[in-house]
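First, the structure itself, so that you have it in front of you.
Read from first to last, the chains carry the letters A, B and C; within each, the first residue is number 1.
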Amino acid sequence: MLGYLVGRLSQAVVVVFVMSVIVFVGVYAIGNPIDVMIDPGATQEIRENLIRQYGLDLPLWQQYFTFVGNVFQGDLGRSMVYNISVTSLVFSRLPATVELVMVSVCIATIIGIPAGLYAGYKPDSIAAKLIMALSVLGFSVPTFWIGMLLIMGFAVNLGWLPSGGRGEVAQFLWFKTSLATGDGWAHVIMPAVNLSLFKMGLMIRLTRAGMVEAMGAEYVRFARAQGLPDRQIVFGHILRNISIPIITVFGLELGSTLAFAVVTETVFNWPGVGKLIIDSILQLDRPVMVSYLVMVVLLFVLINLAVDLIYARLDPRVRLKGGS
Amino acid sequence: MVDVTVQTPPVETRAVRLRHFWSDYRRSWVAVLALAIITTLVLASFGAPFLVPQNPYDLAQLDWADAFLRPGQTGSGGYVHLLGTDNAGRDMLSAILYGLRTSFVIGITAGILALILGISIGLTAAYFGGRIEALLMRIVDLQLSMPAILLALVMAAMLGQGVPQIVLALVVAQYAYFARTTHGAASVERRKDYIEAARSTPLPTRRILFKHLLPNVLPPLIVVATVQVASAISLEATLSFLGVGLPLTEPSLGSLISNGFKYIHAGRSWLSIYPGIFLMVTVVAINLVGDQVRTVIDPRNSR
Amino acid sequence: MTAALEVKGLTTRFETRAGHVTAVNGVSFAVQPGRILGLVGESGSGKSVTGFSILGLIDAPGQVTAGAVLVDGIDLRQLSDDDLRKMRGSKVAMVFQDPMMTLNPVLRVGDQMVMAVRVHRAMSKSQALDHARKALEIVGIPSPAERLRAYPHQLSGGMRQRVAIAMALLHSPSVIIADEATTALDVSIQGQILAEVRDLADTTGAAIVWITHDLAVVSSLADDICVMYAGRIVERGTADQVIGHPRHPYTQGLLDSIPALHEPGQKLPQIPGSTPQLSRLPQGCAFRPRCPRATDLCRTDPPLDIRDEQAVLCHHPLERK
């Protein structure tokens, strides 16, 4: 087990290193941020001072190592647009995104898993066909368009919900969240639903596929031959079995929900990290882009690792073989 | 030269297989409808110059006086704007069909390029095995764990606006799906006897790869390809919506919606609703077709 | 004495694209308490479908279309779904072929057994666990308390099958249906389990239906034998009758092809041809194309010929020697 963990961790370190190089080089290929930052009428002297100040005159590899060195000291650089440290910028935006992602993942799970179970339990029923049709819509219709429809429907036409932005925040235990206020919920619900649809579609399909497969499995027949009622077969036997792939994908998708938050946050003007990265891309705010992307890579590696560990915990067959 | 024949699994003639495929496909009327819709949309978008009154790319044909006409109103050109006009006086229906054409071109090109790249990588990995396989598939896996939208976003940001740039960004974001599928199917096939048999003959590697391995991994790839074309179209629209895709002077569905989004609070919903409906119908229809193809070619479903 | 299990005219059909397929066609037999019935047939003969039909576990596109299944005199086919479910496991239990697949791989053996106990009996978890442990002891599993904590993959194939048999015994059912229960096991373990099954029938008084393709297995185990071919029972009698004096040419063919009954070096006789597809059965007797005794008469449905309680479905049965 320990050997396995060490192996996986060193792999993760290599991946993060390689990806950070790619991201760094890639982002620096985009263009010169100085042109964006300063007034075109500024003198050549001001321009060169700025370039030196940001270390942009150094060779790329040197810039990279400066960056890495700073990262190890907890310094991700300064935003060229907001002129504050990237760390505090990202952390000021992070709670909003985490809030949004959590609510949407909960919505997706609470609706998606039961719907998928039902669709797999009675695959020929009309309700199951309807569920499946909705799941196709859920992950084939582009998120931003659904978001737009939601705004048109609930904000513009009906006027029930605000069309964007984050609501009032209030203290909850030791952190501030908008989920502690009614206004906060009114703001979060529409973007959260929007963000959850793709994942819900995925959950439904995954659960249904697992359910259909399990319903034909020998152990289910055996359970039926023992006289177990269907309810107990589904919740006692099958759910435990199919929870393994569901949790795996769920974990992996947690990362992609953060990425999709980019779209939803833009549509709903939600002040999270997704909106931040889009703004920084459009404004060529390099330090923010690099830091965000490296952080995303790190996040994905960690999620992958966590999923593998949970997997090993859930499936007794995996536990025996460590190593590879 | 000695003529070497290798026993491949028995196959029906192409015509017979096609007929079987169609008779199975036809059993879902939804899928048939979806196929009809796609055909119509492809024909309408590529025939757009002959079908619609205006070329939305040609600024000379636009008249500011026609801006924000509601659907059904008649503009200065003397014809009815069925779906209204936008802020620049562009006829929405024309813009949508031209935009749809751009979306199709981008989606299909990106799909085909990603398919070719993915097949090459997947087949290479599966055929050679060992270190090459480990390295290639590690890269692919890593990329698959990242959401395509993020990759496409970063790529698009790096490459800048324009059709070739977007296509490249989409290919980079999507080839991994094909590589994964090809590799999966090919590693299963590789272990089968007929490939072993082919490898023991003096056939050139290339021939084994393309004549023997490829035909057998093609069916699952077709399904992935349909779905990926839809997702390329939707990704492109998303990128354009986020502002890193195509400019409005080259309208794709995404940039039309993005433009219309600015006016939803002003009650001018037709600017974004109609291109959105076309986008949704296109993407959903392609997915439905892909779904049915998957069902039909899945050996578990044949009784 | 009423039979523990009596099956009358059981018929099961499947809807397929090729049309109706009658997998089980008017099957009738009875098993007395404490006796073992061997149900023998090649794969595709409908023997497994018969087993599942008895428990009412046929899924769409299949359906039991006719017949009665009496367990202790109660017709299972007349029961509501829920009453039928309550009979399963408590009155009629079943053991399946593949011990790898019948236990849920991600649940501990104990958890699975506790679920099976508590579905029919109001017991606390610890009582149920205790009950499960006793059942494991009965089938000869060493250190049963430890096995209860194990996951199925940690047990050997023979051990898993014993667990499955123990689960079948949990509620002292009147009838146990075992479908190829030892086929997947090593011959030595197969022998042990067969001996235990014989023992169980004698001590618990359960009636056992032993479904197998292996006539050699049932010849040593069963009291009575039914031979199935293409969905019908073609011969029925005591084990001594069927093995000693087969009357159906098919049974004779099966017996002839058991290697152990022949001198070494002799050429092993085979039944020519292969099992017919149920969707394309020949007219009249289904065995006709493969039968050495077939005549034109066999194009009509064969009559039931009963002599000394040995029944045979044939126009030209073999005469008793």
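Criterion: contacts are C-beta pairs under 8 Å (C-beta built on N, C-alpha and C of every residue); 3 or more make two chains touch, one makes a residue touch a chain.
Keep in mind the model is a prediction, meaning the values are calculated, not measured.
Chains making contact with chain B as well as with chain C: A.
The two chains most heavily joined by C-beta contacts are A-B. The greatest centre-to-centre distance from chain A, using averaged C-alpha positions, is reached by C. Each chain gets one centre point, the mean of its Cα atoms, and the points for chain A and chain C are 53 Å apart. Between chain A and chain B the centroid-to-centroid distance comes to 24 Å (mean Cα coordinates, whole Å).
Taken residue by residue, chain C touches two or more other chains at no position, since every residue touches fewer. By the touch rule above, chain C contacts chain A in their complex via residues 55, 57, 82, 85-90, 93-94, 96, 98, 101-107, 115-116, 119-120, 151, 153-154, 164, 167. Listing the residues of chain A that touch chain C in their complex gives 217-219, 221-229, 232, 236-237, 240-241, 244, 314-317. Every residue of chain B that touches chain A in the complex is listed here, in rising order: 142, 145-147, 149-150, 153-154, 157-158, 230-231, 234, 237-238, 241-244, 257, 261, 264-265, 267, 269, 272-273, 276, 279-280, 283-284, 286-288, 291. By the touch criterion stated above, chain A contacts chain B in their complex at residues 15, 19, 23, 26-27, 29-30, 136-137, 140-145, 148-149, 151-152, 156, 163, 252, 255-256, 259-260, 262-263, 266-267, 277-278, 281-282, 289, 293, 296-297, 300, 304.
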